[in-house]
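The block underneath contains the structure these notes are about, expressed in structure tokens.
Chain IDs A, B, C and D follow the sequence of writing; residue 1 opens each chain.
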Amino acid sequence: MCGVFGVWGVPEASRITYLGLHGLQHRGQESAGIVTARGDQLYSFKRMGRVADVFNESALDALPGTVAIGHVRYSTQGMSIVKNAQPFAVEFAGTSLAIAHNGNLTNAGELRAELEAAGSLFHTTMDTEVFVHLLARAKGTLVDRLQKVLPRVRGAYSLLILTPDQMVAVRDPHGFRPLIVGRAPSGGPVFASESSALRLVEAVAEREVEPGEIVRVDADGETSHRVGASLPQPHQCIFEHIYFARPDSQIFGARVYEVRKAIGRRLAREEPVADADVVIPVPDSGTAAALGYAQEAGVPYEMGLIRSHYAGRTFIEPSSSIRHFGVKLKLSPVEHVIRDRVVVVVDDSIVRGTTSRKIVRMLREAGAKAVHMRIACPPTKNSCFYGIDTPTTAELIASTHSVDAIADFLDADSLAYLSIDGLHDSVTGRPGFCDACFTGNYPVPVPQVRFEGRLTERD
Amino acid sequence: MCGVFGVWGVPEASRITYLGLHGLQHRGQESAGIVTARGDQLYSFKRMGRVADVFNESALDALPGTVAIGHVRYSTQGMSIVKNAQPFAVEFAGTSLAIAHNGNLTNAGELRAELEAAGSLFHTTMDTEVFVHLLARAKGTLVDRLQKVLPRVRGAYSLLILTPDQMVAVRDPHGFRPLIVGRAPSGGPVFASESSALRLVEAVAEREVEPGEIVRVDADGETSHRVGASLPQPHQCIFEHIYFARPDSQIFGARVYEVRKAIGRRLAREEPVADADVVIPVPDSGTAAALGYAQEAGVPYEMGLIRSHYAGRTFIEPSSSIRHFGVKLKLSPVEHVIRDRVVVVVDDSIVRGTTSRKIVRMLREAGAKAVHMRIACPPTKNSCFYGIDTPTTAELIASTHSVDAIADFLDADSLAYLSIDGLHDSVTGRPGFCDACFTGNYPVPVPQVRFEGRLTERD
Amino acid sequence: MCGVFGVWGVPEASRITYLGLHGLQHRGQESAGIVTARGDQLYSFKRMGRVADVFNESALDALPGTVAIGHVRYSTQGMSIVKNAQPFAVEFAGTSLAIAHNGNLTNAGELRAELEAAGSLFHTTMDTEVFVHLLARAKGTLVDRLQKVLPRVRGAYSLLILTPDQMVAVRDPHGFRPLIVGRAPSGGPVFASESSALRLVEAVAEREVEPGEIVRVDADGETSHRVGASLPQPHQCIFEHIYFARPDSQIFGARVYEVRKAIGRRLAREEPVADADVVIPVPDSGTAAALGYAQEAGVPYEMGLIRSHYAGRTFIEPSSSIRHFGVKLKLSPVEHVIRDRVVVVVDDSIVRGTTSRKIVRMLREAGAKAVHMRIACPPTKNSCFYGIDTPTTAELIASTHSVDAIADFLDADSLAYLSIDGLHDSVTGRPGFCDACFTGNYPVPVPQVRFEGRLTERD
Amino acid sequence: MCGVFGVWGVPEASRITYLGLHGLQHRGQESAGIVTARGDQLYSFKRMGRVADVFNESALDALPGTVAIGHVRYSTQGMSIVKNAQPFAVEFAGTSLAIAHNGNLTNAGELRAELEAAGSLFHTTMDTEVFVHLLARAKGTLVDRLQKVLPRVRGAYSLLILTPDQMVAVRDPHGFRPLIVGRAPSGGPVFASESSALRLVEAVAEREVEPGEIVRVDADGETSHRVGASLPQPHQCIFEHIYFARPDSQIFGARVYEVRKAIGRRLAREEPVADADVVIPVPDSGTAAALGYAQEAGVPYEMGLIRSHYAGRTFIEPSSSIRHFGVKLKLSPVEHVIRDRVVVVVDDSIVRGTTSRKIVRMLREAGAKAVHMRIACPPTKNSCFYGIDTPTTAELIASTHSVDAIADFLDADSLAYLSIDGLHDSVTGRPGFCDACFTGNYPVPVPQVRFEGRLTERD
């Protein structure tokens, strides 16, 4: 769960990248960083926190040049420490190089052990660092090196790489994570994980970087290359559509809001509630699906749960603990919408079930006559190894409980999920999706060696 | 624009108040503060920023005791500096006293000049400080003093006052600002500007503090007193219902969400759009009215504008300025909802018109066939002197422009406001509202002497 | 223990005052503050910490004008909190006023109780605030008010007061604390606690503000006034010469370094050590006296103890505690100077005896054959109520132990103090000193009512 | 200019190291860091600033274990950034490794180019990082690797290396920088740049790590190894004795204070001043030499210049600049010691001459009849490449000016330096010194390739 952004040939590249990262903030709030290039130098600034908190005027002023890449990160490995913030920048073969990575490698542990045995020194516990060591030990141009190295790397990666004189965008052959290219008003290319980031900087989306494509930009323009000769089936992450991407984005050739509404409509047909009085979303991720559900079912849609604008920060809990503490900070019920009503509440997915349970209780305490929960995807039964921060399979409630048992746990009057066919039918755009989290069909072998560090640096 | 919160007789009063303030965060994000009492001491902590940023574990630990009041503030006077954060605490007549104030006095300048001439020293530029000096120079119990002093004070005030052995809640005779009293699970009373803050701390709303009522709490329980003999007509702030209060709150005896939906329905009847394809809100303040409008009009409701969860912080703008910069950080269009559609966009109110104009343009750029703007209240023509932070009358676009001229400025295909009758008909609960911002009927004379400071302290 | 500084009519008054305060930093390291005047406004900035840490470019830039007063503070009352930092600035009788105070009032508790009863609100626990309330309740010009108010105030005060159009310097009738006036290169007057602060800003010392004198400066120049009709005997603080003032300063008409050397020479005559091999100071406060002793005694002077430049900050001690921890951070022995020698170690004074004891042990562990301690003043037997931060009388080792018993406690081979006559004979300049800490002859009655706060504000 | 410290087998190793670093603070104030080991993990914390400011309780608590190394750094390469703080810690060959380095390599540029060409990635611009890459690419135990790698590395290094199960101390074959080993009360070995750090932690100095020696410590005890077969002449840095080391330290087998006093005595014989009234030091670095001079010359020694305890921090200068600004913040004259006297002022060395010039002027302005400057070493004519932060040769005033010309520049009545023979005669202890800064006799070839980074990371 990360976002990447890059611009080439625009004035104030660091400020433009800062805005672009704001448009990707939903993809990661734990750290943010920007690297710019000017002359033969790279300039880097990164820190824990959100984009607006990480950067101030003087930090942006210290990032000169018309070329930049940026990254927002939601740590996927335990404590997120500054050293693991990205872009990751090093002195490299007589020049310097920075890399921003969205995704997760599945053979990073093996590759790292091999590199360490050959004398490579690792500074972080990020799998991203493996790329850089492999590239440093290859020969030739950066594209040559990528073409030698990437066939050895397995897993999900949408990459932006910056050296003082070129920028490279790469997407893994399966195309797990989105990566699009657009055009800035100045004519320079702009890369971003989602189109939401382009609009903010007044760039126009042009196309997706293709699965297995390398786009190289330098002073002479853009060229396209292939990662390797053979190309597997695409396996675009279907969960981006369900939850992760912004509803105003286009990804994988489809409009996210439209997909979500289609999911909601299909869910209404598959799993109707006979005597429903009102359909409410769990905002904001369930909003579009709930609207689709309500329209299809002909049941009034209401904002029965209000989302606080101020949640998302760390909160201190009284020791005399408050019921539903975490949920209450984020959501609160609009009582007269709920009281004495049969409520259909639509959420995007269920992970451990603990939050959903608190929501059901909150609705019951607000006086709901019945609470029917509808979920905009099939049961989440399998952990993701390609970049979505799901807990281990054992922690996923659907991996160990039937739908009925989950309904019992939630104390819902009914619980129903979208079918896997319903999901695939609702998703338009370029075909070919990874649905391993629902089906267990992992298109790339999952890791055998755990990738962990032996060095703890505090900042 | 402020929020107040107080608890009596609960464990960890500072932590409970911290949560309560979180539930009032929408009433003021510039500063936050808490004062607690233990033994014969008061303990104070306040700082610029939002509740979650102002307080950490150690700050809360340094606020001992089972009694607390808190305040969130949106500065209404130029630069907001720490000294103007509340609660305002002083050493007072051999004891100590803290006060938290929501509202605005209209004769503070005159009272202050008089007090200074008699040797009172002012430490802030807040009108709130006037209360304390008047109280210090009166005699008797705190309630005695209040009864002597409050008849001299004009304007809007919902107050919480804390001394080491008592808490007092007061609401001005007009009842401009809301103030409710609830009951904590421990049995102690809880005071808050809105019911949204009670739910978070598991307290149950009981009643409003009445206009002109003084509620006093001490170890022996609660007693009720009157501010003065005569009681004017209530003049509850109608704009709280339109914009300021949270939709899940109850204020002035009515449910805010329900009022807003009724407003939207009435607006649909008063100002229909013949060939509308879609109704969208300006989120989040226009959401409930837009839903009401869509339901009444029988036009589909869609989330055509997405609100960023991360807006609200200060953003650095590139010098090569971005079109609609400020609005873009907060809102982005869902293009396929808007493209080639006749769009009805519903917002709560128009102040200067600049933001509305950017929204209309954003919708046009997203491909709207037509943009019809509907506003959930009458034209805002007059500045507020009772605690809402409106600009001067001259800056209000409706004070100098006709509705047609505003529509031209916004470049909207049509613009229509709710009628004043429509507004009053839609608002339920206790009767008697101030609508001076629309009608100019000020129930309390507006200030003649400006209240300003001659001392600038930086922190 | 504080320092005050003021300038009138110099460009960049805030920066000049900042430098002046650096020259007084030895008089207080806990907080620092500056108030400037421009037009009809005062501008204030103060914070906990040392001058160089409190102020940065932007803080100084926010203090405009050509007139300023500043203050450094060493808290004399428990926890030092920001609210007690000075200068103390208030809105005052239609204008504003700031005050910086060095000294301590002995009847502040009584005056405060009286003022609170009359409706004055106190914001701090500083006795300084009493001045301001008394001034606010008096009538007439500032000098008129001072002449009415100061006869009611007892104790030690060297004051600087600033309003938008005048500056006033006052010294109490006893002249307890120093206060001098000099001339800036621009021709404007400069006030400072010690001459060390003048040199830094290129001002030239002119004279002392006289005991009981009020010097008023405004756009028309300087005028001199009297605090009251009668003038007591001067009682200048003799301990300023012994310890507190900087050795390069002139105070009370004498040069501090010269006084300290004279003390050392007299001590050598009064209390010789027969077979001494070396005289060493406890640096830096004992340095000048040790040099005088060594020269008079004809014994070599050596730097047998090295003082760390980095002490003075808070240090974290291992739980497995280190012997002489606190002293070791500050001082370390030069072993070959000490080993097998008869050492005379000269220090300025002994308070509780614990530090001296650690120094004797440190010298013994470094191999001294004998350790003879010589003290540059008589035994400190009485607490100070006029502004020096001594512990209570009960904590002063000399109040409960004979010199022999102290020598035993220190484990010194001998211990001797300067005689009271020796001290007075060594001090030159304007006659008339307070020696109450040695003799118990308090020239002003000591406080009967403790002055303490009921409000704790954290920052 | 750095200091290193290490302990093995002591409780609270991080706290002990923190104290040890305080004892080495004079060797570097720009950054400080500690790495500890527990189990198979290393724990690191480092930051810009002084030891007391870098570490707080929670930082030390996050550094568990009984084994630690630490480092204080004075940056020798332009802007000192956090990434260049030490110890430098990496994930290394399936384990982790941290290194702390005092000294400077002369062939780091060549080695780095070679390593980068072979695929090593550099994260800092420190020559220290070269060691680690070379070690990572060698094979065998850590001592094996060191014995293979160190013969390729040229220049000055006193190193401490820590892995989870061993600590290694190394000193280059020339022995440029000091490194001693002592014994903690617990029996464990303690390594430090100077003995001043040992005393603070109650360890007893045992011996120097020999030039060209590797001391390895693990759970089984200590073993000694050689860097390589051949051993050059020792070239201990003579400037450590003149200026850099603390006067209470022993280095290279001699006591620093004693050496400095011997230097002062020799200087008095070589360069007497006929009619001198007083000898004063430039404190604190000239103090011991001045005492030696005064004793030998039979002239009174006085503290004619007072050093501020609060200098050393960054100060903001008024734009209307103050004469001798920088020096005035640090030093101030005691006028009556200087006025109308023939003054001999003793300083350790002259670099650019600008500070000395300000000191001479300050003494003249304080009324000196004559100012004779005496310098405790020969003219500094050549830049150091072995770890002392001298400016380039061209900036050294003595490289381009005769002594007479320097005297003219300083406006001193006379200027004289110690002779090179006088210097060598005064220095006792283990023979063999590097005096390249005076003579230009560089024992190790100076760098041909500049070592600079292409990556700027801000923190």
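Throughout what follows, a residue touches a chain if its C-beta (ideal position, glycine included) is under 8 Å from a C-beta of that chain, and two chains touch if they have at least 3 such contacts.
Keep in mind that this is a model prediction, so the values were computed, not measured.
Think of each touching pair as a link: the shortest run of links from subunit A to subunit C has 2 of them. Spacing of subunit B relative to subunit D, judged by their CA centroids, is 61 angstrom. Once the centre of each chain is set as its mean CA position, subunit A and subunit B turn out to be 36 Å apart.
Mean C-alpha position of subunit A lies 50 Å from that of subunit D. Shown for subunit A are the residues that touch two or more other chains, of which there are none.
By the document's touch criterion, interfaces exist between A-B, A-D, B-C, C-D. Subunit A makes touch with subunit D in their complex at residues 40-45, 47, 59, 62, 89-96, 113, 116-123, 125, 132-133, 136-138, 164, 453-459. Only residues 11-12, 15-16, 18-19, 22-23, 25-26, 29, 50-53, 55-57, 60, 196, 199-202, 246-248, 255, 257-258, 284, 287-288, 291, 295, 300-303, 306, 308-310, 312-320, 322-323, 328-329, 332-337 of subunit C touch subunit D when the two sit together in their complex.
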